[in-house]
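As written, the chain order gives the labels A, B and C, with residue 1 at the start of each chain.
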Amino acid sequence: MATLNSNIPSGPLAEKWEHHKFYTKLINPANKRKYKIIVVGAGLAGASASATLAELGYDVHNFVFHDSPRRAHSVAAQGGINAAKNYQNDGDSVHRLFYDTIKGGDFRAREANVHRLAEVSVNIIDQCAAQGVPFAREYGGLLDNRSFGGAQVSRTFYARGQTGQQLLLGAYSALNRNIANGGLKSYTHAEMLDLVVVDGHAKGIVVRNLQTGEITRHNGDAVVLATGGYGNTYNLSTYARGSNATAIWRAYKRGACMANPCYTQIHPTCIPVSGDYQSKLTLMSESLRNDGRVWVPKRKEDCGKKPADIAEGDRDYYLERMYSAFGNLAPRDIASRAAKTVCDEGRGVGETGLGVYLDFSAAIQRLGEGKVRERYGNLFAMYQEITNENAYQTPMRIYPAVHYTMGGLWVDYNLMSNVPGLFVLGEANFSDHGANRLGASALMQGLSDGYFVLPATISGYLAGQNPGKRPTTDNGSFKEAEENVQTMTKRLLGNKGKRTPDSFHKELGKLMWEHCGMARNAASLEKGIKAIGNLREAYWNEVNVLGESNDWNQSLERAGRIADFIELGELMCRDALMREESCGGHFREEYQYTPDDPETKQGLVNPGDVKRRDDQFAFVAGWEYAGAPDKAPILNKEPLVYEEVKMSTRSYK
Amino acid sequence: MNIFDRIWNSSLGKKYLMALTGAALFVFLIGHLLGNLQIFGPPELINGYAHFLKSKPAMVWGARLGLLACVALHIASAVTLAQLNATARPQAYATKGAYGASTASQYMLPTGIVIVSFVVYHLAHFTVLLPGVNGVGDFSNLKATLHHEQVPDVYGMMVLGFEVGWVVLFYLVAQALLFMHLNHGLAAMFQSLGFRDHVWWPRIQFLARAASVALLIGYCIIPLAIYLRLVGHDYAEMIRFKPKAQTAPPALVAAQGKEAK
Amino acid sequence: MKVTLKVWRQKNRNTPGSFKTYESPELNENMSFLEMLDVVNEQLANRGEEPIAFDHDCREGICGTCSLVIDGKPHGPHKGIATCQTYMRSFKNGDEIVVEPFRAKAFPLIKDLVCDRKSFDRIQQAGGFITVRTGAAPDANSIPVPKPDADLAMDAAQCIGCGACVAACKNASAMLFVSAKISHLGLVPQGQPERYKRAKAMVDQMDAEGFGACTVTGSCEAVCPKEISLDFIARMNRDYGVALLKGDPKAIKGGGAG
């Protein structure tokens, strides 16, 4: 059994981070360069961490599977980044951002981590502005803000529809500066395929060069994973096609616990699926909900009609009806589930019946088409490119899609996993978002972890390590890990099956969406676990991977990742089955408010809203690998202790 | 590295050279055109101008050397850049590309080469006065009397020279290519030197177009007007019978003398 | 609908390549171009032929990974979008579509339609940054940035580093990319201290990578998925010119101990 000690510092919530930084051991500047740190991934978290660690003087080695560190999927974040700057004087504060995030996460996040995130948020904006990130400005030259993702204050900073891209370019420029200074070495087209654990500590990785197929070993005094989320388990998602769980999954198989894997975020405003060939779901920025109204026909019979032919009185603006205070701006999990509910009632629109309208006619009437074009022109153009429909004339059709995973590798307050020396940042860890992430908080967390948290906490671990005694790559554990990778590669290429890896991925995606999607129940999850287990076995018998190992081979790359997705999907279902409550993005049909519950009667919630069970499930589930994919994993629990906030019913009415 | 090495060793530096020498050559083109347009006046106007230039050898040779240096630098940068550009894409596309590029911009080197060969011909034609290239005879024999001096008869050379059809055709083709070259080059010059933004670019393009059209018209109407017998035909007929004579025909001297009074 | 694909196949840099022709299976016009390639690849794999290697990642036009020269134009027939946002409805049933990799000396081919664009990273490493230590930044509102400057910087910063400008240019020049990067940082006040040094270093690295020079044809701007303007090239030319005239900074004499 692993021990999950959160290492939350004592003291008042607002002072924990300051105290902790003071009491964390430091490394003498002259000694820092002797410590070699491996960072995998160069998204917001990985790039910012690499740059900052190199700047501090550590010998940093950064690995990405992309052709360039600037391509990580952080670039796709459109909306913005939150920070408790209160530049708008609208009542924001560190405490409010902290509270909103805790509540948004449905009281399943760690208080101390979230408070730290809110504290650090203000420094992130300063840092990025100094790097030259071209944030939106007001005419006076000061920073502009908007309200986003269901927040009641305007605390979101943005750079047109490209906030993620611009923030990443900032972090990438910091990375480049340190490469130029010689303190950082960057390896591109380098995919981590195994974690090396020596005497219980993470001391290196095994990497495949995607261009040449060469497998190499890399040792370090600590290993940092910042490899993003695992939403591609569902095959269809808003993730990049290359986003994968291989790094965290292989770390899991080396003993790191996987926390809350069933917490996935389904984003409400994506372009609906149009056919079986589809590889990718495109997100339409949530900011559209600021001016768009979501509706479906009141009657099933109207679904086939053109939207213009449905009278105003026959439309059901269901978000406004159900959540009068937040209306169309209700948090993502709530808006998504509501869309699913109305579609399940048969009132969905579009060819597949899986879609709802996002209507701008009211906004166009109120503001004029010019103003709407100014605000959302690029999004409308993108929508037209994909669907061939003009959203100025006819409402957009949207449907929820997998967008983010709140779960991930378990980490303590120092962002270190239960394997000493293994640190996990950004979306790859189980992080600060609890069971649901608020809009514009992912960028904040990635940069907070990379720029400010890890650089302050990693010295606490390193101070106990002697860099002179760092295991060399000749060590038996390195040899074993490399052999493990070679064996898997050989097995994949040697298998003479009949099916392509992608066909398995599609099948897995369908199983996951059906059994572990927006609404889950015990019977279906059990079925899912069984089906995915069968798929795992079938995979190793029937998959056919073409090409060679010592060459650029995209089939081989994908085959390895899909094998991991299959195993991870099974664990997600197990976690969802174990968690017999509903919270945030995890909705168990058995646990929802009914019209008879007192909360419903008081008007706090609607019937059908998620019902938490704090008495039994106020814990982080840390799953531990049992040594083989077909063995049931071991469940470890970290209780969630709330000192400051009282866990209460999450109401957006 | 000194500043010259810095400029020469950088692709942008060479573009500056191209632009600056191009600008100088453009200024020369304007001056040269203004001088030549005197053909539309009486013969002694242009002959007097030519004589004035001849009488200031230091100035003329200074200008010639300067021009030569500009041409040499313009060509040297063009050739080295073209070599660089050719190596930058070792394997060509199967499909014909250059999407969104204007025709002129894609053929700067070919138009430039034709213009250079034209300039060589033009020098042989009217400066060195090689008899073999003009289709008429030995221009060096043509003399006119100006202020009681025997001076080269530039007017006569031009009117005789441009009554030759193939010569005119070559001149017109060269002017058309020069127009193409300038039409792109004049605006690109501002781009290369960095004098451009979203406000000025349309204006620069308009002015560059206007200037190249003006030069095209100006340079074409001279051979055309002569070839169409609109200018100086009587004069040409008068001197045509003896372009090889050692001295100007009496009639010609008389004519000039009369007008000069 | 169905199309015929004429695709460049090349095992690796050292093996000569050639065009191969493939008939697509039945397609849907709402497929993206890359999804069409997925479908064709799935068909190839089922026949035991190695799939066509092509670069892609986000598939929403922002990561800059996808490339391809489609019928002679990088990123396909439409303006202002990347290959991944090109849909099959832009083609007709029965069309023959020629698909080639981005070709440039500075983008050596890896396989089939995949080329190596690390030269862009090296240009960025030469100076594409503002020197600011983490934690050393002043309050973000302490340095106002005039809105027009911020907007212009954002116009430049939109560059996704895909390399289509290089692919389209008849000289395989990287001027548009480099100028976008230089202009983005050179337009904000935070980037002023290193403005000329940055321009010089990045342009020199661009030259060292073996890109061609600029003939101002405008192809780059025409194919850029983010429609970056040629104005930025002029800006870079200006900054680089100033840097040339300035020369190197004075060397520091003496030492620091004390």
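Note that a residue touches a chain if its C-beta (ideal position, glycine included) is under 8 Å from a C-beta of that chain, and two chains touch if they have at least 3 such contacts.
Please read these numbers as outputs of a predicted model, since none were measured by experiment.
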item	value
Two chains sharing the most contacts, counting C-beta pairs only	A-C
Chain nearest the overall Cα centroid	C
Rounded Å distance, chain B centre to chain C centre (Cα mean)	41
Whole-Å gap between the CA centroids of chain A and chain B	67
Centroid distance [mean C-alpha coordinates] between chain C and chain A, Å	27
Touching residues (chain side chain C, partner chain B) in the complex	8, 19, 69, 71-74, 98, 100, 103-106, 168, 170-173, 203-204, 206-207, 210-219, 221-223, 229-231, 233-241, 244-245, 247
Contacting residues of chain B [partner chain C, same complex]	3, 6-7, 10-16, 81, 84-85, 87-102, 105-106, 108, 184, 187-188, 190-198, 201
Chain C partner contacts - residues on chain A that touch it in the complex	48, 51-52, 55, 66-73, 75-76, 85, 87, 123, 125-132, 134-143, 159-160, 162, 165-166, 169, 172-174, 176-177, 179-180, 186, 188, 211, 238, 240-242, 274-275, 277-280, 282-283, 382, 385-388, 451-452, 455, 500, 502-503, 544, 546-547, 551-552, 554-555
Chain C residues within the chain A interface of the complex	11-12, 28, 30-32, 34-35, 38-39, 42, 45-46, 48-51, 53, 55-65, 78, 81, 85, 87, 89, 110-111, 114, 116-118, 120-121, 124-141, 143-147, 150-151, 153-154, 157-158, 160-161, 184-185, 188, 190-191
